[in-house]
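These notes concern the structure reproduced below.
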Amino acid sequence: MTESRLRIFTGNANPQLAHDIAGGLDMEVSAALVGAFRNGESRVRLDDNVRGCDVFIVQSTCMPVNHSLMELLFMIDAARRASAKKITAVVPYYGYAKQEKKTTGREPISAKLVANMIATAGADRLVAVDLHAPAIEGFFDIPVDHLRAAPLLVDHFKQEDLSDAVVVSPDAGGVLRANDFRQRIGVPLAIIAKQRPRPDEAEIMDMVGDVKGKTAILVDDLVSTGGTLTEAAAMLIDKGARRVWVAATHAAWVGSPAATEARKLLNNSWIERVVITDTIQVPPDQRNEKIQIVSVASLLGEAIMRIHKDLSVSALFH
Amino acid sequence: MTESRLRIFTGNANPQLAHDIAGGLDMEVSAALVGAFRNGESRVRLDDNVRGCDVFIVQSTCMPVNHSLMELLFMIDAARRASAKKITAVVPYYGYAKQEKKTTGREPISAKLVANMIATAGADRLVAVDLHAPAIEGFFDIPVDHLRAAPLLVDHFKQEDLSDAVVVSPDAGGVLRANDFRQRIGVPLAIIAKQRPRPDEAEIMDMVGDVKGKTAILVDDLVSTGGTLTEAAAMLIDKGARRVWVAATHAAWVGSPAATEARKLLNNSWIERVVITDTIQVPPDQRNEKIQIVSVASLLGEAIMRIHKDLSVSALFH
Amino acid sequence: MTESRLRIFTGNANPQLAHDIAGGLDMEVSAALVGAFRNGESRVRLDDNVRGCDVFIVQSTCMPVNHSLMELLFMIDAARRASAKKITAVVPYYGYAKQEKKTTGREPISAKLVANMIATAGADRLVAVDLHAPAIEGFFDIPVDHLRAAPLLVDHFKQEDLSDAVVVSPDAGGVLRANDFRQRIGVPLAIIAKQRPRPDEAEIMDMVGDVKGKTAILVDDLVSTGGTLTEAAAMLIDKGARRVWVAATHAAWVGSPAATEARKLLNNSWIERVVITDTIQVPPDQRNEKIQIVSVASLLGEAIMRIHKDLSVSALFH
Amino acid sequence: MTESRLRIFTGNANPQLAHDIAGGLDMEVSAALVGAFRNGESRVRLDDNVRGCDVFIVQSTCMPVNHSLMELLFMIDAARRASAKKITAVVPYYGYAKQEKKTTGREPISAKLVANMIATAGADRLVAVDLHAPAIEGFFDIPVDHLRAAPLLVDHFKQEDLSDAVVVSPDAGGVLRANDFRQRIGVPLAIIAKQRPRPDEAEIMDMVGDVKGKTAILVDDLVSTGGTLTEAAAMLIDKGARRVWVAATHAAWVGSPAATEARKLLNNSWIERVVITDTIQVPPDQRNEKIQIVSVASLLGEAIMRIHKDLSVSALFH
Amino acid sequence: MTESRLRIFTGNANPQLAHDIAGGLDMEVSAALVGAFRNGESRVRLDDNVRGCDVFIVQSTCMPVNHSLMELLFMIDAARRASAKKITAVVPYYGYAKQEKKTTGREPISAKLVANMIATAGADRLVAVDLHAPAIEGFFDIPVDHLRAAPLLVDHFKQEDLSDAVVVSPDAGGVLRANDFRQRIGVPLAIIAKQRPRPDEAEIMDMVGDVKGKTAILVDDLVSTGGTLTEAAAMLIDKGARRVWVAATHAAWVGSPAATEARKLLNNSWIERVVITDTIQVPPDQRNEKIQIVSVASLLGEAIMRIHKDLSVSALFH
Amino acid sequence: MTESRLRIFTGNANPQLAHDIAGGLDMEVSAALVGAFRNGESRVRLDDNVRGCDVFIVQSTCMPVNHSLMELLFMIDAARRASAKKITAVVPYYGYAKQEKKTTGREPISAKLVANMIATAGADRLVAVDLHAPAIEGFFDIPVDHLRAAPLLVDHFKQEDLSDAVVVSPDAGGVLRANDFRQRIGVPLAIIAKQRPRPDEAEIMDMVGDVKGKTAILVDDLVSTGGTLTEAAAMLIDKGARRVWVAATHAAWVGSPAATEARKLLNNSWIERVVITDTIQVPPDQRNEKIQIVSVASLLGEAIMRIHKDLSVSALFH
């Protein structure tokens, strides 16, 4: 009887990350055709045998979001029908995570619909990084390994002198995340309490906490249009901050029609530095000296290997 | 106690058709926000109350296919969570229908995955027109009302003298459809037996049947790149056909990057006339004198009203 | 054919509230035996016919939590097997809501397990008040009507002069809730950023925002041991607050072995007033002049009637 | 690749039995926190890694029944989310088993609800001992290994001279069980045909069969209030029985508010000896010379090891 | 909007009963084709519209058992796909009911598989008469209305003088049923305690209770081969019974290859009279003066009408 | 820990094939009792231990179709409850495959119902040969290995000189199959375009393509009544064919009441040779010199061994 073999596949959302993960494990990404027919339908064919294999499919559901998601689902379906032993959806960036509750009547809970889709397609497990709301883990009944990028980001920041730093949450919803971050480096907390009347709209209100003369580190899970953060940075400078840095996990502006504008906003802002991971790949032409990228490839590789070998993954949770 | 009310919503795939359906029933399309956030995620909010209502959501899953499909799913999810009494997905054009079986190992059966998604999202019934493979009806366990456009198309053709016509199937897979069509108008059948080694590739082989001096009506369920049909037309003319018409249900080229090319192909081809329905809307700038559009709005409106009133829909099947 | 009739049943968790709801609708609570056999097993028998009825079962899953929950599940099962048309679980206080995510490896997500149990037992809809985490709504695929007690609480407070008030979140996780509350009355926000290393443990850290000379209103979803709030009150007084009030929805200390201690803590604390609802009934002998109770009966009654009549419930969401 | 490892966990219902099972297999019970928060909610955390393990959770759903059941469910949920390979619920005493059918309209079928809960929580298999109704096995679609304590009990009795014994069923519902028992020791059968108009009520009627001058062994699956058995014993003595013994599997009086009364009843009754197993642990202070305990630990240990090693368990069925 | 209409369909198992039920309700059985293709496959087509209707399908799963069952399933599937509002499977005789538990390892629990099939096919409710084991009701999660023929049978017997009667259970498994029966007419009980080592095998052992000079009424749920009952009758006569009658619900010998033999057995036996219902139709040529048939048509008709009108059915349970 | 062992069981549909498969793998068919009780109910007991085993159940659902199908389902249920590790239903001939879509309103989609039954019973995978419609693969969400007999049939034919052959599809629905077949041997195609107004009825219409002086090979998936093929053969001879051969996979006439007639039809027809496989066993007394049988045992054996060893099965698809 053959042993259960490890297979890593990638969709088109972030193939570089998949190759970096595989490379770190001294493996190749398995061969597959993942494209589209001329009629716009996704087209998937796994070229390596997966029968009885432990299959990991790496696919951030980043822009184009719906397309990335459907690619993931078709790949899962293909692996299931091809008798894979276990199918793990590795979704470094989980799109729709901000639509995890209804803000008014007659809305979908899109993050749950997505969870239902992934489970129905046949995934046996999900691996994700920094879900916008941790409760999304409970949207699944399959096991979820929810990894945190914070230790990687904190390590990066610790190369600097942080004695005068203050961690700032850019909104009321992010206080838990910012509080966790500031405890990791042992500095005070400040909070910008903006009001967000509708999703995707932002209105900065006021601030609690003291940033005068300090290095303010704005912590968020993702950078989208950049609007919130640049306004926050302006307020922080206005309140006397010495400089403003940003720490975030997901480069969610990438692929957006507003990407150019987002980059301009950041470039022209008071933000001195944006430290971000490669759960979504920032294309070379969108990088500049302000943007510093920390890779999650080794984190995900370690998780995949531990899952494959039935070792505890909890250690990577924190 | 209030009566169950009828609600018709539309996504962005073919709002014109939805409005035509509603108009034919002396109704309005219900108010809803169906758009996208700047991060590319679909955004849905039903503005009219749907609690206890009989909800119909009109959305062809045409290009951009994955986006249209996800819009449909989010609308279903929103209606379900808002306590709709019954949710009927009206999908005039069902994308991914040609991926209804595996052509090689380790492929998805995408049409089934789509069916599972629609059912999991919460639809109680599906209405579709001319599914590429009738067995797709069996991919669902919810009731499916599978309508046929053939009577509408045949009525259109019967305005002409068809005494010299021959119906031609452009490939072996379409013979049943062509045979049904020719019986409706009472003319002979010819078949082009091409070989399609892989999905999306076409290779015309040879023909059985006699078309000399006749009006050849090529019958297909959809027109995609136009390549198959123009090659078929050339062969038919070569075999002595007097002229070549096309009858098809779905204008699947619309929205494709190859749409311009498809139009050129058709314009420069031996095809004299393309009769097609509005399950997918042909934009005004893509119409010309060769293209004649037959609307399915009244067919769908009749089906919706019969479903709502619990009358038999079978009469519309044939 | 008979009309669908409305039935309200109650378990043993909060029968007074059920009777208040029914009374407000000029109805009686339907007859049922809900007790226990001598072997400790719950025993349920619905005495009124429910066949074809619109059944609402009112049961907070408060202490004894597991017993209250199982009573609810058996009542749902009985109603389903007795051919109820629709079964709505009305759970004013949703126990286990704080266990909505894993804080370390190898924990259950108890709030999701509870959701799965309710859905599997056969509920068609959930009505809840102030879920600890709004994402719990997404733990369900059945419709959830998530009502908010904030308008009732705010109305109560508005009987006083609030010109010098400040709303305080007692921890980082409650900032969104406090921010929403303060916007309803138009006053500033302060935040106590404690660290909660493990569930059920609390460690108050420091505060951001200004409370000097003000009426500080601590806002939380529930009052459990009272420990967090009394420590917060002490800090607020220490920071110069003129007086400290508490606004919360769920009297979660009731039925606890620590109830007596909790009451003592509150009585001896700097807290001047605790405004709380009757989602969990505070027994007469646990009330005193500090505790003011605002009833949610009319809110729930209105929701039940709107659900029964298929009217929009969204208006009650905010 | 690591081997699938065996893990035995225990809830709070009968930890002694779990330790006896593990001890018999030269193992330790795995470390876990299974307790309750101060708000009465169960709290579970598995401390040993279970990823890829063959997990057995030992938990009788005895008093406090609902609490024991929920502990079991949360432990299963935790193990599933922690990626256990297989989860077997070992439920030596299956509570709610007597509520396996409706005795009147509008009752739950509680034993089925419990089965649904266990399966929904994520158990892959159930091991139980002497289910009140064997058809409960069919309430599950997961495999059930239904073990019988009768061979252990019979072995115990066979230490005595049974030549003058007669096995007595204390009611009409237990005749099959008693008939099986008497065949194992080769003695005649007598039946007490009481009528049980409602669950939990008992009314002894009359007897068929001859017990004069004999050792009457009353056989039942459980001893609850003791009322039925003491009345039966009185009748047997009245009918001329020489002495009365009881053989039963589950000490279901334990933990009951009526436990003291039950013990008094038994002590003051004509029953000379009660032979019972440790599926429910009789606390030392409730034991006396009348009560003889036969352990099922080795039976369950053998079953666990055979399941783990994929050996047949059928041999243990009889 | 149209009202929900009542439809009664029948398969080929017992069309006479269906017509009697419908006739009693002043209705017609709805038109349907239920037959078989020449390749042996069942063929079903409902000819009356069922959209939005309250559909009842009358089909005993009697011999040929598997064929009757599959007919039922296909009819349910057809009704579901045709958008019936509610589908009730009316299964007067539920085949496979005696296979409701495993008697040894590696057997199916066939009665549960059948239940799963009926629910998966799309039935919303089951109506059955005298299930062999009442726990089969719990094999379903859809509502089950479990009717009892005992009142009809007892009424029939009460036309005679029963002052000297004794009710006899022909085996240990039927004691509960016999005990219920004798209580309805107020006479004593006797029990034949045979041992049934394997399903379908019978070995009569001995008897408890007194039948001397009495009219012994053997009560069973079904008469199959007649072997058990004729042996029981012989023993009863041997024990001094004046005469032997049989009361049973299901004429399960009908359609059996052993039917002729069964009839001979009964004819030549000590049994004077067999009172049985028409849940399974005894064909005219198999009737004789010993066999008296009591119809359940009015009982089922009453149940159907009460279900359709949402009236309580509990009254018919006893 | 023991290795996962391979077990092959057979029902009564085609035990010879199962033994041939096992024999080719140097194995024995595992011991099981698969029969029927005298009341017509199927009876199943697996005698070899299957706990943790890789179980294959070989059962064509041929005549008696419903009985064969139920046997298969009970065997799956028994294996699941006995803790088999994986259960593969090997269904060489999949009955009901021609009922894979609705031809009119209010019909079942029987092939889908059968698929749902197989999955609900607990099968983990299906192996089938030449499904009438390939889309049936999509009726399942479990993996399906859909094998093709064409290579075996073609190999058989290639023993002859095929230079003058033409492959003929006997109807419009079989053109794809015939086209595939003729490509394998490199000869032209002809098509008989009959109209089949209702399932099981046939009406031959006319022909396209040239057969004059040729060896016409009629290709179909199954031979049922023989009517279609004998009429086709007559037409082919009439059109000048030199001789007519038939190639088909399933001997679906076997077990039919019309089997004798079918054989007569074939014997007296213009058909010179029928090449068919043993997915359904042709009994020795129904064979004659016209019928040549090609065994699929080695194909199925190879598939089973590849599945068991997690090797690719795709190679066997074509």
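Letters A, B, C, D, E and F name the chains as they come in the text, with residue numbers starting at 1 for each one.
Note that contacts are C-beta pairs under 8 Å (C-beta built on N, C-alpha and C of every residue); 3 or more make two chains touch, one makes a residue touch a chain.
Fair warning: this is a prediction, and the values are worked out from it, not measured in the lab.
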Interchain contact steps from chain A to chain D (minimum; 1 if touching): 1
Per Cα centroids, the chain farthest from chain A: E
Farthest chain (mean CA position) relative to chain F: C
Option in A-B, D-F or A-C whose residue-number contact pairs overlap A-D by over half: D-F
Distance from the mean Cα position of chain F to that of chain B, given in whole angstrom: 33
Centroid distance [mean C-alpha coordinates] between chain E and chain B, Å: 50
Chain D, residues touching no fewer than two other chains: 49, 81-82, 102, 104-106, 109, 112, 116, 141, 312-314
Interchain contacts (touch definition) - all pairs: A-B, A-C, A-D, A-F, B-C, B-E, B-F, C-D, C-E, D-E, D-F, E-F
Touch list for chain C against partner chain A, complex: 100-102, 104-106, 109, 111-112, 116, 133-139, 141, 146, 172-173, 175-176, 178-179, 183, 188-191, 193, 195, 206, 208-209, 312-314, 317
Chain F - residues contacting chain E, complex: 37-47, 49-50, 63-67, 69-70, 73-75, 77-79, 81-82, 95-96, 98-99, 102, 104-110, 112-113, 116-117, 120-121, 199-200, 224-225, 252, 255-258
Partner chain A, residues of chain D touching it in the complex: 1-2, 49, 51-53, 80-83, 85, 122
Chain B-facing residues of chain C, complex: 3-4, 125, 141, 143-144, 306-314
